[in-house]
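Labels run A, B, C, D, E and F following the written order; every chain starts at residue 1.
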Amino acid sequence: FSEVAERTEEPGVATGLAWTPTGGDILFIEASAARGNGRLILTGQLGDVMKESAQLAYSYVKAHAQELGIPLDAFRYWDVHVHVPAGAVPKDGPSAGVALLTALASLFTQRRVRHTVAMTGEITLRGLVLPVGGIKEKVLAAKRAGIQTVLLPEKNQKDIEEIKPESLEGLEITYVRRVHEVLAQALEPEPVRDPQEVYHVPEAERTPAPANGAASSTVIAE
Amino acid sequence: FSEVAERTEEPGVATGLAWTPTGGDILFIEASAARGNGRLILTGQLGDVMKESAQLAYSYVKAHAQELGIPLDAFRYWDVHVHVPAGAVPKDGPSAGVALLTALASLFTQRRVRHTVAMTGEITLRGLVLPVGGIKEKVLAAKRAGIQTVLLPEKNQKDIEEIKPESLEGLEITYVRRVHEVLAQALEPEPVRDPQEVYHVPEAERTPAPANGAASSTVIAE
Amino acid sequence: FSEVAERTEEPGVATGLAWTPTGGDILFIEASAARGNGRLILTGQLGDVMKESAQLAYSYVKAHAQELGIPLDAFRYWDVHVHVPAGAVPKDGPSAGVALLTALASLFTQRRVRHTVAMTGEITLRGLVLPVGGIKEKVLAAKRAGIQTVLLPEKNQKDIEEIKPESLEGLEITYVRRVHEVLAQALEPEPVRDPQEVYHVPEAERTPAPANGAASSTVIAE
Amino acid sequence: FSEVAERTEEPGVATGLAWTPTGGDILFIEASAARGNGRLILTGQLGDVMKESAQLAYSYVKAHAQELGIPLDAFRYWDVHVHVPAGAVPKDGPSAGVALLTALASLFTQRRVRHTVAMTGEITLRGLVLPVGGIKEKVLAAKRAGIQTVLLPEKNQKDIEEIKPESLEGLEITYVRRVHEVLAQALEPEPVRDPQEVYHVPEAERTPAPANGAASSTVIAE
Amino acid sequence: FSEVAERTEEPGVATGLAWTPTGGDILFIEASAARGNGRLILTGQLGDVMKESAQLAYSYVKAHAQELGIPLDAFRYWDVHVHVPAGAVPKDGPSAGVALLTALASLFTQRRVRHTVAMTGEITLRGLVLPVGGIKEKVLAAKRAGIQTVLLPEKNQKDIEEIKPESLEGLEITYVRRVHEVLAQALEPEPVRDPQEVYHVPEAERTPAPANGAASSTVIAE
Amino acid sequence: FSEVAERTEEPGVATGLAWTPTGGDILFIEASAARGNGRLILTGQLGDVMKESAQLAYSYVKAHAQELGIPLDAFRYWDVHVHVPAGAVPKDGPSAGVALLTALASLFTQRRVRHTVAMTGEITLRGLVLPVGGIKEKVLAAKRAGIQTVLLPEKNQKDIEEIKPESLEGLEITYVRRVHEVLAQALEPEPVRDPQEVYHVPEAERTPAPANGAASSTVIAE
């Protein structure tokens, strides 16, 4: 579908599903990177729980960098900015977890998000996908937007079974239990560029991290 | 027109359009740079959403530095200050996004903003231009201020069609879908100075960035 | 039991017990590490007291690193993130202290938490285990979840004696007075990997800590 | 007049004009510098808008250092403190902008502020002087304090024209449009000391700035 | 007495006395150190005044390091954490000052706190001991807990004289005017380990402090 | 008088005068220094205005270090802590300015504060002494405390003239206009130790200041 395809044509943008008082809607998670020093910048009037979701997604990608083929320098010498349009609409809750994770993993692996896929689900730090609410509205919104495949938490299967099958015609529902299944389903297999090159940092600009440097000992990700 | 021409005669000032309870108004976005270390300083009693817009604009310019011909040192060894007069008037909302982006791009590319152009529109991190409100009041304010060309989000075309054509006489409306179209329309093609020289940093004052240095891991741009 | 076993199959996840208005429940404490500089990142909508508990647990593990066989670099050159799902549920109170401590000790020693064990209890900085409330509900929740052994503060013994013995059938209650008894009971004796290797930092990435560097002199762990 | 002359006898003190519920008053802006690292310290119970005015003044002076003959080290290796007595009186609003700018420019250029001059007006980042309120009360207060010349924004001319001429007898009103006109009128032409010497930093105490070091990426000057 | 003796058997734990709405109670101040960079971490739901007391105690110990035989590295290359159980009980007021000071001095001198001694009293930065409230309840709580000697501020003598002598039987009251008298009474004369060894930092991990580094110029200890 | 003499027997403690709802009182300002990096630590439940007074005093002493004979290293490599007992009593207002300044100047010059002198008065950044309230109550409190000389702002002379002369018998009132007069009257002429030695920093512990390092560009001293 045109809007989704256009917005996800480069790595770093994932298609999520939102519940709103007037029905479901699709929502884009945009991530981009710039040289910096490991900051995670969040915009889009995100509430506390959603900011924590973004931090969980960032920690997960960082902790699994090696198996995802991401160079560690991407976290040391680059900042990442995550924005969720529209800018003036307050957003909160844990259900964008899988989409936040997918946008970040796409950005750092340079594998595009399939434009046929949308997703919803809470993530945990150790990689589980937990069930969320508003399934019916979200799935119907995905269908309206021309999505072909919706990734849902396994424990939301009962919510789908309560929807009339004809409403779901043409839509494939894929259930996932763990984060790595999400990435396998949502990301294209081949990167558009080699992440080792994209996130390469010249030797002259590298420096060891100061141990116990200026960080406060407790950082609350909200 | 005299006031706009005077205020935009140097790079770093863009002309935006504001909706106010008593009608539309033009508004100037002023940006200036000084040696520092990559800070974005915001003044003008900006609200949370507008501060996030400025952060989006800054991230976009930084992420597209190479294609815009901006040396990376401009973000590492310079601070940028963005001010929106008048100083005591609270301002908020996402609709100054394109003007914030244009002021920053003008400052860093050293290409002046055309004094015949005013603009309104929300931006996203990945470069889309989203529709905003108050189009009628804004366009009429632009005309009163002697503006020749107004840049509007494509999805605001319907709002223009509801205005009587004679009200718009002498005014050219240009619709944009993406940020790079804004810059192509709003910036003069030639820089007044070479940005590589303006933002040059002597070798003796350069130092590698500390990885994971003193930054907190989550920065909320508000 | 399947869910507990699956979630604790890798080091860094401990099974706690929570009291809720509708009865007890099991709760997982997830910890993971990534290269950084000694930060403790907390998510899961934790209240002030619970954040302080996590800080106590972190300080305890750090101060006892040598006897636990943890290299000091694990605290200097790594960040640790602790999350307590579900992400949108506010949680507070000191009673997750022993589970927070166990998750962190498991992560840093690389010894898995026994999937047959759940626990509750407040900890102090110097290693005492203090009594907590909601014992009856917590113990019954442990039983429902298939837990075999529940670790409780010694001073909660009186609460167990008020429960009908048949309710506890098949459940072993182990009372603990000090933190090191908790770890002896809860962690498997052998690490799955050698923590000296897991937390090894190449010489080129090491740097001395700046004395009185950028830290504020008073840090409140909340 | 004695008090103004005494307080402005050294560079770094400017005479502003304040509107108060009981009439106008003169007000002194005091600035002083001490070795540090580029901080701007503000005291005097200043409100958000007035703090932003001070930040605007500081950014302007920094960005125009070369044309004002100020060594860049004055901003890198010195802190500047701005205080507005009396210490317990809350103050706010943008109208002290020109006086804040003048005090800072005086301090850094080492040119004294003329003790015959008082001023009011908002400044913008790019050097415009915008009109302010309370002109009548301010001008009469200047006259009572023995001031000879009052600098006013050009757009406040209409407010002066509404005052009976005999009230202004002996007072010269000078209108300004841009910040550089303020400095030309308010500062003595010759410095009392050479700023290159005053702000000289020995080689052994100089160090390159850390790029993207510990600064947060967004700094709000309030 | 058993609980006090057990908890104070290692350096860094002092026994304080608290007034509560239901009578007095003993309270333990726990301190522990870990490699870091001079931070003071406070937990136990401490209020502003009590946090300031801890900061006073830390400053006093640091300023008197030489006469107490503490190596300066203990403040530069180590963090200290102070916790006051129980974790969920809010605590405030200045009267734990002497116990906070004693716990810190014990930790850094490695001299144990006598398990026969409890104490109450406000401290000042320059080493005075000021009187506090709730003396009767506190002293009786000390007696119940098996304490033999209670250290009190000299100016609280009048409060003791109002208590019936038989209530105090077996309890020795020692009045103190200055902090060094507290330490002489409360700490065992011999360290359990040599603080020069405990707080030794290898040469390779030492680095000079950055002057005017990242510290804000005003730190409020609350 | 014994209490004042005892408390001021070492450099760094000054005697101020406070107005309270129940009459005047003397109040001690305690300052002490410890190796650090230029921080000003404030305790004693000080309000915003009083914190700003302390910052003014610190800036004044720093800016006048050379004429006071204080080595610059005292501000770069030492932290200073200012405490105002009693710890639980909230204090605010600008009138402790001269006493705060005197305590800091005494600490850094190592000249003791005369124990016969008490003082009140607001200070400004550039060294003026401004009038304050509660003069009658303060002066009588000084007399009760055995003070011989009270330093008052010149503009408070009218308040003294309204007091019956016999109430002031035996008390000398000295009026001051500028801060340097305060120090000349309040400090003993000879230091007890040489400040160059007290604040000496070994070469190996010195390091250049990072320019524009980690400081935020605007620091509000409250």
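Here is the rule we use: contacts are C-beta pairs under 8 Å (C-beta built on N, C-alpha and C of every residue); 3 or more make two chains touch, one makes a residue touch a chain.
Note that the structure is predicted; figures quoted are calculated from it, not measured.
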Starting at subunit C, fewest touch steps before arriving at subunit E: 1
Taking each chain's C-alpha mean as its centre, the one farthest from subunit A: F
Subunit B on subunit C, rotation in degrees - Cα superposition, rounded to nearest 5: 120
Chain copies touching (subunit B, subunit D) - same or different residues, decided at half shared: different
Distance between the centres, which are taken as Cα means, of subunit F and subunit B, whole angstrom: 49
Whole-Å gap separating subunit A and subunit C, where each centre is the average of the chain's CA atoms: 28
Centre-of-Cα separation between subunit F and subunit A, whole angstrom: 56
Multi-chain contact residues (two or more partners), subunit E: 35-39, 41, 55, 75-76, 208-210, 212-217, 219, 221-222
Parts of subunit A lying in touch with subunit B, wherever the complex brings them together: 7, 10, 12-13, 28, 30-46, 51, 54-55, 58, 73, 75-77, 81-83, 85-88, 204-210, 213-216, 219, 221-222
Touching residues (chain side subunit E, partner subunit F) in the complex: 38, 48-49, 52-53, 55-56, 59-60, 62-63, 72, 75-76, 93-94, 97, 122, 124-126, 128, 130, 208-222
